[in-house]
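Letters A, B, C, D, E and F name the chains as they come in the text, with residue numbers starting at 1 for each one.
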Amino acid sequence: MSDFNTGLPSIRQIQSSIKDKREVELKLVTNDLLMGKILWQDSNCICLVDENEQQILIWRRAIAYLKPKA
Amino acid sequence: MSDFNTGLPSIRQIQSSIKDKREVELKLVTNDLLMGKILWQDSNCICLVDENEQQILIWRRAIAYLKPKA
Amino acid sequence: MSDFNTGLPSIRQIQSSIKDKREVELKLVTNDLLMGKILWQDSNCICLVDENEQQILIWRRAIAYLKPKA
Amino acid sequence: MSDFNTGLPSIRQIQSSIKDKREVELKLVTNDLLMGKILWQDSNCICLVDENEQQILIWRRAIAYLKPKA
Amino acid sequence: MSDFNTGLPSIRQIQSSIKDKREVELKLVTNDLLMGKILWQDSNCICLVDENEQQILIWRRAIAYLKPKA
Amino acid sequence: MSDFNTGLPSIRQIQSSIKDKREVELKLVTNDLLMGKILWQDSNCICLVDENEQQILIWRRAIAYLKPKA
């Protein structure tokens, strides 16, 4: 499990992506590259909404990196 | 081990997939893509029933993402 | 380390595979697919006996999923 | 979660890379090789700025190694 | 870190491989297959001696399975 | 995080590699094979110096095995 302290910069940066409805790219350890907007985060997962309005529940443990959509 | 708090959005979202018997896709870190309905979850595993009524015990640690069946 | 509480459904399901000497398939994160009967489990490992009566000590951390032999 | 004790050599070495704005290479478990300057670190992530001034949030759990840019 | 309780079956089975100087095969998550005799174990690692009398320090976290040499 | 107890054989063996300035090979879960001398270790990382005197900060979590340079 991650350190889910809402005062941490990494948690706050994701929180501001949620508020600003920013498009992001999420690279997973499977090498999948997922794109969309983050809907919410909790200590286990990040919930992404893709362009088809489909919700994808992504395990934090499986995330390699997150960046703004190119 | 995951944070298995039934108040967490990620745990509740899986719980509602179970109640609604929704078809889901589970992508694993092995790059396997499993499809079926979730029967139950606990802190270690998610139990999936596939179209052949076969029960598959999936380790949470090995899950990359979960989404509604396309 | 896993949550090795013998009241958990995932731990009990493996326990009943042991009692019933059911043939199972274990998919590992290495993409190895191991087949056999489970002899015992503890908090670190699952011990599998294959068709050559060889005991294989499998790390829980390396398991992706477990299902009845096809 | 990592051991995020600011007295640890590994944490201090990253902290001095941040202060000196050193260019680094980060190899991930996905085999991605990311290059840039480290902006900040917390217990979950390292934030890298690449040559296009894009911020990349990298999960510590996904890092294999870090070295000065060749 | 693993659960390194010397009363656990998995820890005791490795301990008896050490005493009996049994030849084993260790499959790693990198898909490397290492062969040799186990010299000692602690909570982080298993130390293997290969046929060239070379000591290899193997991270438990990286082990998929262990079995008697075929 | 690893069990970083300086009394553990695995920690002491690395410590004696540091004192003796032994050349080692480190295999990572990415399948990278790094060679050099270990400069220091802490609970998160091992710092390796390669033949170009370049310091590489290696995450313990990403290490598969360590052995003397062949």
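Just so we're on the same page, a residue touches a chain if its C-beta (ideal position, glycine included) is under 8 Å from a C-beta of that chain, and two chains touch if they have at least 3 such contacts.
None of the values given here were measured: they were computed from a predicted structure.
Hopping across touching chains, the smallest step count from subunit B to subunit F is 3. Think of each touching pair as a link: the shortest run of links from subunit B to subunit C has 1 of them.
Chain centres computed from CA atoms place F at the largest separation from subunit B.
Among the remaining chains, the Cα-based centre furthest from that of subunit A is the centre of E. The centroid of the Cα atoms in subunit A and the matching centroid in subunit C are 32 Å apart. The centroid of the Cα atoms in subunit A and the matching centroid in subunit D are 19 Å apart.
Residues of subunit D in contact with two or more other chains: 1, 28-29, 61.
A ring topology is adopted by the chain contact network, closed into one cycle in which each chain touches exactly two others.
Each chain touches the next in a closed loop, which from subunit A via subunit D reads A, D, F, E, C, B. Against subunit D, the residues of subunit F that register as touching in their complex are 1, 4, 28-30, 32, 34, 40, 42-45, 47, 54-59, 61-62. Those residues of subunit B that touch subunit A in the complex are listed here as 1-3, 5, 8-11, 13-14, 27-29, 31, 60-61, 63-68, 70.
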